[in-house]
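Shared between the two complexes below is chain A, which pairs with chain B and chain C, respectively.
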Partner chain A sequence: MAISLATNAATDALALNRAPTSVGAQEVHKWMQDFNWDFKNNRTKYPTKYLMANDTKEQFKLIAKEYARMESVKDERQFGSLQDALTRMNAGNRVAPKWGETMKVVSNFLEVGEYNAIAASAMLWDSASAPEQKNGYLGQCMDEIRHTHQCGYVNYYFAKYFHDPAGHTDARRVRTLGPLWKGMKRVFADGFISGDAVECSINLQLVGEACFTNPLIVAVTEWASANGDEVTPTVFLSIETDELRHMANGYQTVVSIAHDPAAAKYLNTDLNNAFWTQQKYFTPVLGMLFEYGSKFKVEPWVKTWNRWVYEDWGGIWIGRLGKYGVQSPASLKDAKKDAYWAHHDLFLLAYAVWPTGFFRLALPSKEDADWFEANYPGWYDHYGKIYEEWRARGCEDPSSGFIPLQWFVENNHEIYIDRVSQVPFCPSLTKGASSLRIHEYNGKKHAFSDEWGERMWLSEPERYECQNVFEQYAGRELSEVIAELWGVRSDGVTLIGQPHVTKEGKLWTLDDIKRANCVFKDPLA
Partner chain B sequence: MSTVKDNSYDAGIMSLNGKDFADEYFKEENQVCKESNTVVLVLKKSDEMDFIVDEMLVKIFQKKNPSLVIQDRGGYWWLKADNSIEIDCEYASDILGKPYSIYDLLVDVTSTVGRAYTFGNTFTITSELMGLDVKLQDVAA
Partner chain C sequence: MSLLEERKRGLTDPEMAAKIMAEIPDQPLDTQRKMGYYVQPRGKRLTEYEIMTCYTQPTPDWISGGLDWGDWTQKFHGGRSSWGNETTEMLSSDWHEHRDPAGRWHPVYVKAKGEDWRVLQRFMETFSAEGALRTIDPVWRDEILPKHLGALGYSEYGLFNAHSSVLRDCTGDTLRSTFAFAAFDKVDNSQMTQLVRTFITKIMPGYDDSPAIGKKEWTQGAAYKSARETVESMWQDTYDWNEVMFATHMIYDPLFGQLVRREFFQRLSPAYGDSLTPFVLAGMQTYFQTTKAAMADIYHHCLDNDKNYGGFNRRWMHVWMEKWLPSTVAAMAEFMSIYATLPTRDGFTDKASIAASVNRVVEDWIVDYANKIDYKVDQSAMVATILAGLK
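Let's look at the complex of A and B:
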């Protein structure tokens, strides 16, 4: 192959001017900062109402050479473990069935977050002007590409080794079917990449990563191990080794704007909006996946939340910034209520619409029910009795023709979807911090579950126009929608989602769903 | 200074269960963030990290900072301490018997709550507000 003139020129230049090999990486990092930008002419496609300082530092002082070496060691260790020891130990098939189903959601939805974080950190690279700050964001951009691959690999690995691969095999095409998808897009996509650049950094780095990756990516590994899954800790603990730099990036975003008068004016509102946006989805969804998607429990979700979100993030990140005017999020009290109850509210709805899932769910067992009542006093009277009724009506058995969604209709428990978060809620059954409020705008009705989302919508209604699943499928019969959106296994008739995880239990088919004659209805129509 | 008991994984309200936990959790005074001068570090278990935890953090650093708590959480070590935790990779290299830089350490540092940074071959996580109250330093070129 011919060597280009440019390659020849570069080779000649390096021969004359050899790059130093004995200089420490952090000395190189310092030297690199001299290659600076002309700040006066610095233009960004992604502006912010804040002024980001030009002298913001990078806490980990990374250069490309050490970054690449470090990340390659992480990958060698992770893939080495997966492809050698864990495969020989048949680790993918030793996972408790309920947990294997949970990982269909966790790995696939996290993949979407990582994918959007690529764009978010690239956007921040463009917005910032301090070279070290740019360097930190650039490293993150590359990390997020790695994480996207890692999450995809978890699904791929389980698809090969888990006893029921349906859902792991085709999560990308079927994940849009159920109501959990659009809420996930709100936190993991819109929250990270839409609007003011600094607001996106607060969503992604200061709240999403510094606050919620600890339960989502660290604590999840304890639940995984307890449920026989050593695949997830191998991958997720490796992902999180990059997250600490992302948390530092978020903190340095705040450092960069700390002395801008705009921070005093806007930062607390942006922080509260970001906190509520992220918690509104993560709090119930993670709690539901951990507690209802596991056989063996580690600790009540509310304790995990209290430790990582309230005590650590609230005290060590937000509390310490108090003297710079950063306040405790005004929505914290409602978030705490959600951390106690909202995941129980959500599972009730998630189980009711189980046919729209790309994963299997299971009713709480007697052992689970005792655990829930011991840790959430009042659980049985509010939720446990409903599950007993559903079980007695044969909700797990296709021959019963009973889908719990019908129970909501029979008992006039209307289900709405919050316009801002896209999280479903049932006002007459909720114990979390949700209550119904409805607005009309441009001839269209919008339901809201809380004052925090309502406030965000009132200030920017055009931002939250996402059509919810009830509007999208209104008037259509459930089995038609499932078939259209690939919610079936390779035989073309058996649903991927099932209302049980037992190997002996009968599997529901499209015909079973059709017999139930469930038709989607928009409660606001 | 906090005691080991204050900083443990199940300290304070976390030691309570059922209604006792709920009563404390929903108390009005617990509905706002409270400033904390602690830091949390999560270290992924590995050949090197297990050695660093045993030989440096337990045997040496804990004597300097008795508030340090280290707990085994399955796949990772969970650490919490008042003020700061430091790991000197020059010393780690000596006891591991092989070159071990700050970037080798970062391969297995899984998560942080607090301001973490590197300076030369030392990793620090601190409750100080680096970049605001305290300037982040560069190594001498």
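Let's look at the complex of A and C:
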């Protein structure tokens, strides 16, 4: 602009306008899309087979300072509740013991998802070309740092106040011991950050966040509250306020690639793989944590699953993306079958290897058993009887020397781990849909429990090479492995994991485990 | 949420609460209540920042300092690792060693920036009510700010984008949050250069606040050719995340960034009656100092002093100096051409003042960055090269 013009304008305006004025975030944001410039090598470091459009907009139009202000207001509320009212009510201790144990896993495993989502959103920020789209991913990147710290804070809070702090204090170190951890990494860590950038976005935003965030974050707060835990809802509902932005990002990812012919070719396959990847772990694990990790029940997992995963996500959310050619995943049907029994199958195995946990587990009580049978007719004949047998053999009592893992060996029930999902399964005992397939490749054997994962491995075996706990620990005695991977409490001998949560029950030590003489064996060897 | 409201809560429903209480043992089952008790604190005791941040990165032990074992459960197409040692030339005995001296975890960080925003909004209301815009020199306001504060915005925006792959690839959690906060400050800075001009438009309708003017300078102006190419190269040509951060925060930003922000805008604004720009830039300088301390911890305290690999790392840092310093110095020399377009002000735009200002930047950098890793620089030669750009 010519100086004289501007100067005239200034003189005129200043004579008139001395009202207190400031600038809102939107007024700055409206220029955002012009912040980019073109240059020769302006391309992403994380190639994708899709093409992200240059003009993609974001839905939450924030600038950095406004983001910070909004989040700090939420923080004030959250930390205020935790540090003031809830602490004075001793709310961190007045939690049903089983649930306080469940939160050791839930909060720490969710933290891993949040942490990896930082890197995942950063990858998307790198691969998007539109500044607004980059800004949306950046906002998420910051949110995920927030959520990482919030999840950590839940464990931190319980470590201070819950009657069993072990596991809350050291989940980040001891979590690698048990068989649930690697599967967790597949869905919530590597699945978000290792692959085609858009494929990762589908895993993280379109499935992880849009589909499983509801059961994971919202349902957890309901189960928590029923079981006396008001700490978790205080934090998790605050996390949830940011998740809308992330689901919007996932939506925008699809919008940004919709016009690319590659989208028609690959999108539904990638979505199907992502859905199967996420559901394969979350369907059984969440159901197990809720139903077996609580005293007071909210509703059968299968109902929650049908409402949120099948109807809301598979129907409504995916339906909204229909105009971009997105279809409900073909594997949704199979997943629906699994949502009924898979978590019951998994708990059987999880309990059998309780010494490798960083939480205490409990056999279903009489009350629990009645609830299971009422909601899952046939439960008692398949599972209930086994638990009765274990209980009768003294599986809760250290002097019995009986660890249920031995029962599997005695009865020739071989436990395998699916190479792709890393989820353990027992083909001879499963009531869910799992079935055993074994492949050999480069002199190594690989087990699989379903067709969808098997297909992923068959087309790209180099992506799924991770050894599982049985291969890693093969030939080693259980107490040795526990000691090496920090599975003991501050006295150096008592296990963090225990097979009961009763006041009267004795706690198991390394010596008790050693007496049982459990030696790991690789079923594929 | 509806369920939550309808349902009885275990904490407040007397019957449920009684059942829960009956199950709670009289004594805690463990005496260790400190989360992260196994984390090595930097200071005397573990801070909340350390507790929340340390070991959130789930790397296996073959990436130094990791607590996990084994392989990645899913890899990139073709089999590349989720995270790996091959993503940087630097070696570390423990990628979890770094600590941000400011102890920032998310709530600490957003609280400070949220406060900055509130203060800035109150300042703008006061500035406009005072009619303080009247004192700004019209050439400074209508030529220099749109072009060069605009161009600075692009430099900051490019640096911001240089962080995306770093946040994807870096192998430590304390590193990741430090780099994320540095990135966020950079995008904030670019937005604030826009805010200054948008604010002027609001109180002086007709003023053009479009970024197009600055963008033209940045992409086509001779004053920014080397700066732009350096930023583009850090952003998109460089894959080693430590090299990107070293080039950005240990070379380019403390030299070119400081020259433009502190020694051009901060120093000259008062001479042109501008009290708006320095106020906004003061925020950027706070961020610069915080980032500087954090980066010094990474590159000096940790990597240069690493008990096993310090010498090796230092040699690489010297290589990166050789690689990135010349283009940064060229960028500074080219920037000197802008002085000729300014209305002259004694004590500000004369050659001696400019030389003194360049000397401050170079000297600060040599003392705080080059000397720390024993990298030899001829200060007067470097200053002379830069000043040769004066027209």
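By definition in this document, the second predicted complex is superposed on the first by the 497 of 525 C-alpha atoms of A that agree within 3 Å, B and C clash if a C-alpha of one lies under 4 Å from a C-alpha of the other, contacts with A are read in each partner's own complex, and residues count from 1 in each chain.
Assume contacts are C-beta pairs under 8 Å (C-beta built on N, C-alpha and C of every residue); 3 or more make two chains touch, one makes a residue touch a chain.
Small disclaimer: the values here were computed from a predicted structure and weren't measured.
By the touch criterion defined above, A:221 reaches both chain B and chain C. Considering which of chain B and chain C touches more of chain A, the answer is C. By the touch criterion defined above, A:284 reaches neither chain B nor chain C. With both structures placed on the common chain, the touch criterion links A:59 to chain B but leaves chain C unconnected. In the superposed model, A:93 makes contact with chain C only, not with chain B. By the document's definition of touching, neither partner reaches A:384: not chain B, not chain C. Legend: residue contacts after superposition of the two complexes on their common chain; A:136 is shown touching neither chain B nor chain C. Once the two complexes are overlaid on the shared chain, A:31 sits against chain B and chain C alike. In the superposed pair of complexes, A:487 makes contact with neither chain B nor chain C.
In the superposition on chain A, A:179 contacts neither chain B nor chain C. Overlaid on A, the two complexes show chain B and chain C touching the same residues of chain A, namely 27, 29, 31, 66-67, 69-70, 73, 218, 221-222, 225-226, 233. Touching chain A in their complex are the following residues of chain B: 9, 13-14, 17-19, 21-22, 25-26, 30-40, 42, 44, 46, 73-76, 101, 103-104, 106-120, 127, 129-132, 136, 138-141.
Of all the residues in chain A, the ones that touch chain C in their complex are 1, 3, 5-7, 9-10, 13-14, 17-23, 27-29, 31-32, 34-37, 39-43, 45-46, 63-73, 75, 79, 89, 91, 93-97, 111-112, 115-116, 118-120, 122-123, 125-126, 134-135, 138, 141-142, 145-146, 148-150, 152-153, 155-156, 159-160, 163-166, 168-170, 172-173, 176, 182-183, 185-186, 189-191, 193-196, 218, 221-222, 225-230, 233, 295-296, 298-299, 422, 460, 462-467, 472, 486, 489-490, 501-503, 507. Touching chain B in their complex are the following residues of chain A: 24-27, 29-31, 56-57, 59-62, 66-67, 69-70, 73-74, 77, 210, 213-214, 217-218, 221-222, 225-226, 233-234, 237-238, 240-241, 243-244, 247-248, 251-252, 255, 258, 300, 302-303, 306-308, 310-322, 324, 328-329, 332-333, 336-337, 340, 374-377.
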